[in-house]
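Think of it as A, B, C and D in the order they're written, each chain with its own count starting at 1.
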Amino acid sequence: MSRLSEFVYTRRVSYADTDQMGVVHHAAYVVYFEEARLAYLREAGLPYRELEERGVFLPVVELRVRYRRPARLEDLLHIRLRVADLHRHAFTLAYAIHREDTLLVEGWTKLAAMNREGRLIRLPEDLVALLSPAPNGKPADS
Amino acid sequence: MSRLSEFVYTRRVSYADTDQMGVVHHAAYVVYFEEARLAYLREAGLPYRELEERGVFLPVVELRVRYRRPARLEDLLHIRLRVADLHRHAFTLAYAIHREDTLLVEGWTKLAAMNREGRLIRLPEDLVALLSPAPNGKPADS
Amino acid sequence: MSRLSEFVYTRRVSYADTDQMGVVHHAAYVVYFEEARLAYLREAGLPYRELEERGVFLPVVELRVRYRRPARLEDLLHIRLRVADLHRHAFTLAYAIHREDTLLVEGWTKLAAMNREGRLIRLPEDLVALLSPAPNGKPADS
Amino acid sequence: MSRLSEFVYTRRVSYADTDQMGVVHHAAYVVYFEEARLAYLREAGLPYRELEERGVFLPVVELRVRYRRPARLEDLLHIRLRVADLHRHAFTLAYAIHREDTLLVEGWTKLAAMNREGRLIRLPEDLVALLSPAPNGKPADS
């Protein structure tokens, strides 16, 4: 497991994600954020699938998105992700989606840690370690 | 619980279901079939949610769709459903989607009965009764 | 065309909207908001499809969602919608999703008016009339 | 542009694609087929986006899927695609989705060539060349 100060997930726009405006439907970016989030955990050595198998669920409890410019079919999108906030039972990730150098969409998701019954629990230690800034205040992997 | 010889589910096309061709994306009809299926079971007094709570799962094991004409945003669709085939562990439903009198899409789904572990099981008796033709060979609810 | 001070759209949770947490996936509510929005315009006599035919597009430029409690398969959801803010080129709608008396999800979408080329335009007069509070300060339809 | 006798597209299962059965929802594979199809055209030098810009649309007119085993969250799927049939106005692609050596899902889509008005047209020559078997009867790229 290793901490990542910043992470970039790349994905191409699917046809199913377009709508009749000829651009990506606004709900599709919410899924792109989620894909980036799971890729981040997976690459850091803590796959979300294993977290759920251990009884740790991370539902989204808050979501914000700002749509600046539309993405189009087959665009190659770069979804940049960083930890914006970290609490005992929840954390916030911030996302920025670019096509080359153009910022298209920004967003934030607050995720809470819950058990199988839907009760709030403490974030597990290995996840906290992953999400924490490095001791010297610099990003963990620098 | 009551048998229904034929069932019609009505639903309006959502914006998210359109794609950049300006029509409903072909995968959306698969969800419309599913919604019709669940509405049919629910109205017949055997909600699918309760079937799953009893440990009976009905995954789709085969799917066919023929797309004749496109549906468009806000079209009011009528999804007609009938039982096409009934076996010990599986059954087939046939669907026809109309906008007014125009046939847009036809399809079939074969559904198998499985337990929580994904093993084939017999269809439960109440579901068989629901799906069976009436004793007199005429539709059950006629 | 008639102004609606508040509007409630009802829809049942589809199977495709659930995820492996056993609840409705967080992106599905974004589509429920959109469906409520189009139903509102349609019932008020100004269908969104006709707005687009006239060259008026209303893309979402900002989205916020707070997830309080999960919705489940076949739940009957009531999506309440009201106009929260109205400007020259944009307006904000607020949504609250209930299952019976329980508040599940709240959200806001800011929608901008654009032409076919994606340039900001003034909201058309009939849409402004629809979205405006009544002259006497009371809701328009009271 | 180069002919590909067989093409494999790789994609990981997204959380949004799972349903409450704990597996990938059956409609999601229809989108995986489509993603494979567009990747195939793109890698062969004939991006679908450019076809549409030239006024050539390839809607799905028939779809078949057989679901053999379920895919699960974060599974790495290999979608193998080959040309199964080629006619003047339409062609059929066959798909097989594997997780490692296990066959999960098979399918076929028949795609028709249409112009912007939705009328059948001949497949454009460069697309026919791409989809045709090599003159010697062996796959084109062998």
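General observations
Basically, contacts are C-beta pairs under 8 Å (C-beta built on N, C-alpha and C of every residue); 3 or more make two chains touch, one makes a residue touch a chain.
The structure displayed is predicted, hence computed values, not measured ones.
The greatest centre-to-centre gap from subunit C, using C-alpha centroids, is found for D.
Across the two interfaces under comparison, B-D and A-B, the one joined by more C-beta contacts turns out to be B-D. Once the centre of each chain is set as its mean CA position, subunit A and subunit B turn out to be 35 Å apart.
One inter-chain figure worth recording: subunit A and subunit D are separated by 29 Å, centre to centre, where each centre is the mean of the chain's CA atoms. The distance from the centre of subunit B to the centre of subunit D, with each centre set as the mean of the Cα atoms, comes to 26 Å.
Shared interface positions of subunit D, defined as residues touching 2 or more other chains, are 15-16, 20-21, 23, 27, 31, 34, 52, 73. Contact residues on subunit C toward subunit D in their complex (touch as defined above): 15-16, 18-23, 25, 27, 73. By the touch criterion stated above, subunit D contacts subunit B in their complex at residues 20-21, 23, 26-27, 30-31, 34, 52, 57, 59-67, 70, 118. Subunit D meets subunit A in the complex at residues 12, 14-16, 31, 34-35, 38-39, 42, 47-49, 52, 72-74.
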